[in-house]
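See structure below.
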Amino acid sequence: MLLHLQTWPEVETYLKRSTAIIVPIGSTEQHGPTGLIGTDAICGEAVGRKLGETTNTLVAPTIAVGMAQHHLAFPGSMTLRPSTLIAVVKDNVESLARHGFSHFYFVNGHGGNVAPFSAAFSEIYAEASLMRASNRPNVRCRLRNWYDSGRVKEISRELYAGAEGSHATPSEVSLTWAVYPEAVRRMKLEPEIAPRGSFTDAADYRRNFPDGRIGSNPNLASIEAGQRLWDAAVADLAKDLAEFVAEPA
Amino acid sequence: MLLHLQTWPEVETYLKRSTAIIVPIGSTEQHGPTGLIGTDAICGEAVGRKLGETTNTLVAPTIAVGMAQHHLAFPGSMTLRPSTLIAVVKDNVESLARHGFSHFYFVNGHGGNVAPFSAAFSEIYAEASLMRASNRPNVRCRLRNWYDSGRVKEISRELYAGAEGSHATPSEVSLTWAVYPEAVRRMKLEPEIAPRGSFTDAADYRRNFPDGRIGSNPNLASIEAGQRLWDAAVADLAKDLAEFVAEPA
Amino acid sequence: MLLHLQTWPEVETYLKRSTAIIVPIGSTEQHGPTGLIGTDAICGEAVGRKLGETTNTLVAPTIAVGMAQHHLAFPGSMTLRPSTLIAVVKDNVESLARHGFSHFYFVNGHGGNVAPFSAAFSEIYAEASLMRASNRPNVRCRLRNWYDSGRVKEISRELYAGAEGSHATPSEVSLTWAVYPEAVRRMKLEPEIAPRGSFTDAADYRRNFPDGRIGSNPNLASIEAGQRLWDAAVADLAKDLAEFVAEPA
Amino acid sequence: MLLHLQTWPEVETYLKRSTAIIVPIGSTEQHGPTGLIGTDAICGEAVGRKLGETTNTLVAPTIAVGMAQHHLAFPGSMTLRPSTLIAVVKDNVESLARHGFSHFYFVNGHGGNVAPFSAAFSEIYAEASLMRASNRPNVRCRLRNWYDSGRVKEISRELYAGAEGSHATPSEVSLTWAVYPEAVRRMKLEPEIAPRGSFTDAADYRRNFPDGRIGSNPNLASIEAGQRLWDAAVADLAKDLAEFVAEPA
Amino acid sequence: MLLHLQTWPEVETYLKRSTAIIVPIGSTEQHGPTGLIGTDAICGEAVGRKLGETTNTLVAPTIAVGMAQHHLAFPGSMTLRPSTLIAVVKDNVESLARHGFSHFYFVNGHGGNVAPFSAAFSEIYAEASLMRASNRPNVRCRLRNWYDSGRVKEISRELYAGAEGSHATPSEVSLTWAVYPEAVRRMKLEPEIAPRGSFTDAADYRRNFPDGRIGSNPNLASIEAGQRLWDAAVADLAKDLAEFVAEPA
Amino acid sequence: MLLHLQTWPEVETYLKRSTAIIVPIGSTEQHGPTGLIGTDAICGEAVGRKLGETTNTLVAPTIAVGMAQHHLAFPGSMTLRPSTLIAVVKDNVESLARHGFSHFYFVNGHGGNVAPFSAAFSEIYAEASLMRASNRPNVRCRLRNWYDSGRVKEISRELYAGAEGSHATPSEVSLTWAVYPEAVRRMKLEPEIAPRGSFTDAADYRRNFPDGRIGSNPNLASIEAGQRLWDAAVADLAKDLAEFVAEPA
């Protein structure tokens, strides 16, 4: 159930049985020499939408540009400043809370989003917390990284062990290939497994990770693995979502 | 050429031949009892992406939630505040300008976006204008409503004349049906042609336009009309884009 | 009735018979080699104040610095960033709404203000729209360009046809001369009628329009024309204001 | 020399001999049962413009709405939030500094402006101070209250001693009458001399000062006094301005 | 009674007998070749905390970084922008007002804080003032400079007369030595008494006051004087605080 | 080496051998019926300052009020909104970077700070990342929770195992007692070990954790344990800081 494919009377009806909504979030940033710039948004959206189908939950439009300042030394990468992202999340949540939505489940495909979205949730809660008696509707937000679920972790350990890394991973690349089989692309990478390490701004990142990958060998990706990972993520998140929805707003 | 389906070396290559990029923008808001909540985003994206194909121009991720505060009394509608939208457009443009993109062509599906995006462009230009010698890259932004092109206007006059209206129009509904044939939906509407008028906030809007439509009869929409309108919009915008790209940044 | 020449008990009395207020808005920016830097503010104020007299409506202080980033390559031009302007309009409207004013009629002298003021109105409405039950007073804002009224258009077509242009127009220059007869100033302009075209930031504007004019020949201006235009604008806007005030807040 | 009555080439010429500009600032707020709502803006503008004439200095548009939150319980009063005012001052100064103006002399008519304008100056300076080598033009800002100059103080002591007070003072009322003789208005005031004290927000202010005055008896005002005060203020400020302009930017 | 050394049930109990709280504020900035960078924060805190003991009033955490943009050309100096400081004060006050605190007494050690804190108080009050009927708790804020109290002024006149100056004064240095006897440090200063004057940004400040002092000779400081000044400030402020607390919120 | 106890020439000297600085950060919020409201700031400061002594590193003023919106239903708790905190961190870092500081090591005592500080670091880095060639000094920021170091974890497991919990933990309480022995306070708690769980805003938090603790039994705390934990944290962080300082800025 995609929000953008509903009419308003259908949403009105939906709200009588559920006040939960899934919001896929991702990023638009380099993913190594072979990975798609949209990898994180594609993954967040693919998992979030299938989760919506599986659990019969409404799915809001994907937030496709996230916080990715550290990737800006690679062409095509985009970022929102954290302060902008806070405003965006606040407006998204306030809009939907106005209609009675109370449970916001963000399915995330990008590590760099975790802190700013968490800060955004606190910014939203703070408006209620700072008032002794608030006239704002109660809302509850949760962010889950699709790639952090138990079964997903198991599969990537099984398949990629020391070559999974943390950026342009074979797992996320596999998932994008499952969604876009025409995107399959392998090339000689030097070194095969990219270096690991930390980073600060874009110049620092590119200095440390010259082709954009961190600790990964995306050549190990496969459509089949992508399909397994996709199903695993949805299954895990479906359980988590059910628990989340059971919590009071 | 969708940005999210490219790799960063591919974008690097693209920038050698073109520094233009198309940004589809829309809105997520009620479109009457039968129109899709995603109508404006679907239309902006459909036209923008086909324009990208036709002209071999890169297409950035769609900004699917726009400025739609006046629709918030109908369930499912979402808005960004104008001040938030200004920050979003600024971050999008600055990110891509960092890589050398200079011409930003926004293909718009929603009237409510025109003023805030125009304000956003001025906010961006102002940073350069306020400095005698700016170290910012030159950028040029243009917004075009797909539904305002000459041929599109002709077709809607021909097909819908007095029933086109200005919200939940048969033209935009036709286009969404051309994209999503499964979305075809007609129902008895009272009155057949919705009232016209102005509005301020969400309560005022709903008071004046009880089912969400303004001046339109979306039951006249058809997949065939949608296909014609789509092609007409792309043809007109392709010409306009070519002129735009020829202007200096 | 100028707000700044009233006492507070007089405003209290006024509010018993009307909750409408006129706000003249303009800009402080170059208007070609002979036009006054204050042209747009002078025009907005002259029309707005005479409209106030004619219709017995209160007139707030003029907002004399508007959004004019594109003129900043010419000495003396000033701008507010769009984001600043949004904050200014919001504070102006909230201040007066606090006393019971509900209808805000902005008489505008500057094209560059249209988008940011429209964005500002949406920002104001959004605060009410985002709450299911808002405790904010209802407000209704309308912006009208004095130079866009029917009779004004007729007169400028009659007098200036192809030499009216869109910046430093003989019409607006005429109006400033009607207000400040000592400002009459003509000089040889090259070319007589300035070039037309579009612009982005200040450097781009000056490159395209070296003496600041767009498409106009201000040497055609006259005090008499200014007086006619002034009267025509006030007559047209008086009718429009009466309709506006009749709408619910 | 009023900026709004110049052309851009005239400003260009002016900048060759002076980079100083006077900015009159005031407020739009209640001034007791007989004082004009525009009192502070009228005074700031009257003194600032005559100062410009006397010293042959350019005068920018008056900032007529200042920081007056404490007056909002009286109809007609307007305020900008301090944060808005900071943005306004910043944009005004940056616009003019772009052309080469370096010395900004604010002639103020309202006590409530002192802190927010001072904060605004610091906000502007901070942008340069935070950079080791800034590419911003040097600017120097000074705010002077017309009513605080030595000779003005002497005259009000001589004429009004214990009835001057601090709001709706006979001195400022006199000055507005010198500018607008038709504004002369006296009425029985109870008590003759208003109470003194402090205040916080608008409700607190009105509770403490029921008719809006603080410590003053504006019935003592006269056109003659206004003329004397006006001249005295201009004479004092002319000397101060000369010293200011001599300081490096 | 330091807030950070209480438990929440103790604060709950405190609120039954008092809703006042002291907030020490200072700055972290150069204080000449021998003065401590923390001078202003140390003084604000020392006076504020002893005032809390003396009057049995709760003391909030010290705001140790204030507005000191003009000192940034000297290593170790820190500043908050005025706009940041406004947000900080607003959040501090709103947090505590939420629990029922109504009287906020800021004990200040730094002249540069006066304007931005005053602006911050107005920003806070404005939220209530702009609503006809506000649901915000009433708050009352007062800022007092410890060095401006009557007895303190007398002592510094007595001890330092023409060598007190206005930055890195022997009075404030004395007080820091009373708190940190190990900080006593004297050295040959050239000239003995620093120059006086005004300043704008950091570069201008350092140009005018090469070693950071203004008009002072801190070599005259002594621990004994510091102790006397400390006691005098607390005695004076205790009286002022009692009056403040008696005012309605 | 505390920044506030240095003079500016001493900081100038320091910068010749090191450009690193420690910033203790904490929070001011309830810590259960017996824990101090300042617990997190006390712990961050105690560890941060001892770390400074041990490693001969300069220590900036403690940021004592952090992001703690969820504690606001308990008297005495304070919060900064995440957006405010971002501005504060930005101004702190920019101030010190201006002098040449490049490595900012934040010693944190509060879980709620992690996301907003991380967002703040990204906001700072983004300014450099968004420019192709930035004129900003390079900075590198790292946040470490004192309670997450290896040895600290071991000790708390050894001493408190299932009674450590995550708020008002015996470990953090022990550390505050080591700093303030007079703060030792035990009382009957019901249940002995507090419940666990998640939370959103302040009302939700208090509903779930009625006395403020989460999963902990602070009665197990002791001064001796506090001393051990303090030493362990400093030892671990000293090693981490050395590695951090070795990284390029």
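So that you can tell them apart, the chains are marked A, B, C, D, E and F in the order they are listed, and the count of residues begins at 1 in each.
Heads up, the rule we're going with is that contacts are C-beta pairs under 8 Å (C-beta built on N, C-alpha and C of every residue); 3 or more make two chains touch, one makes a residue touch a chain.
As the structure is a prediction and not an experimental result, all values here were calculated from the model.
J.: Common contacts of chain A and chain D?
T.: Of all the chains present, those in contact with both chain A and chain D are B, C, E, F.
J.: Please identify each chain that touches chain C as well as chain E.
T.: Under the touch definition, chain C and chain E have A, D as mutual neighbours.
J.: To bring chain B onto chain F by a C-alpha fit, how many degrees must it turn, rounded to the nearest 5?
T.: About 120 degrees, rounded to the nearest 5.
J.: Contact counts by the stated rule: is the higher one at B-D or A-B?
T.: A-B
J.: Provide the C-alpha centroid distance between chain A and chain C, rounded to the nearest whole angstrom.
T.: That gives a centre separation of 46 Å.
J.: Taking the mean of the C-alpha atoms as each chain's centre, how many Å separate chain C from chain D?
T.: About 25 Å separates the centre of chain C from that of chain D.
J.: Centre to centre, by mean C-alpha position, how many angstrom separate chain B and chain C?
T.: Roughly 29 Å separates the two chain centres.
J.: Quick check: what residues of chain B touch more than one other chain, meaning two or more?
T.: 72, 79, 81, 83, 95, 98, 129-130, 135
J.: Following the definition at the start, I'd like every touching pair of chains, please.
T.: A-B, A-C, A-E, A-F, B-C, B-D, B-F, C-D, C-E, D-E, D-F, E-F
J.: Quick check on the complex: what are the chain B residues that touch chain C?
T.: Listed in rising order, the residues are 67, 69-70, 72-73, 79, 81-83, 86, 112, 114-116, 118-123, 125-126, 128-130, 138-141, 198, 200-204, 247-248.
J.: Where on chain B is chain F touching in the complex?
T.: 94-95, 98, 135, 137
J.: For a test of understanding, state which residues of chain B touch chain D in their complex under the given definition.
T.: Spelled out, the residues of chain B in touch with chain D are 129-133, 135.
J.: Along chain B, where are the residues that touch chain A in the complex?
T.: Residues 2-12, 15, 28, 30-38, 41-42, 60-62, 64-65, 72, 74-81, 83-84, 87-88, 90-92, 95-96, 98-100, 180, 183, 185, 212 of chain B touch chain A in their complex.
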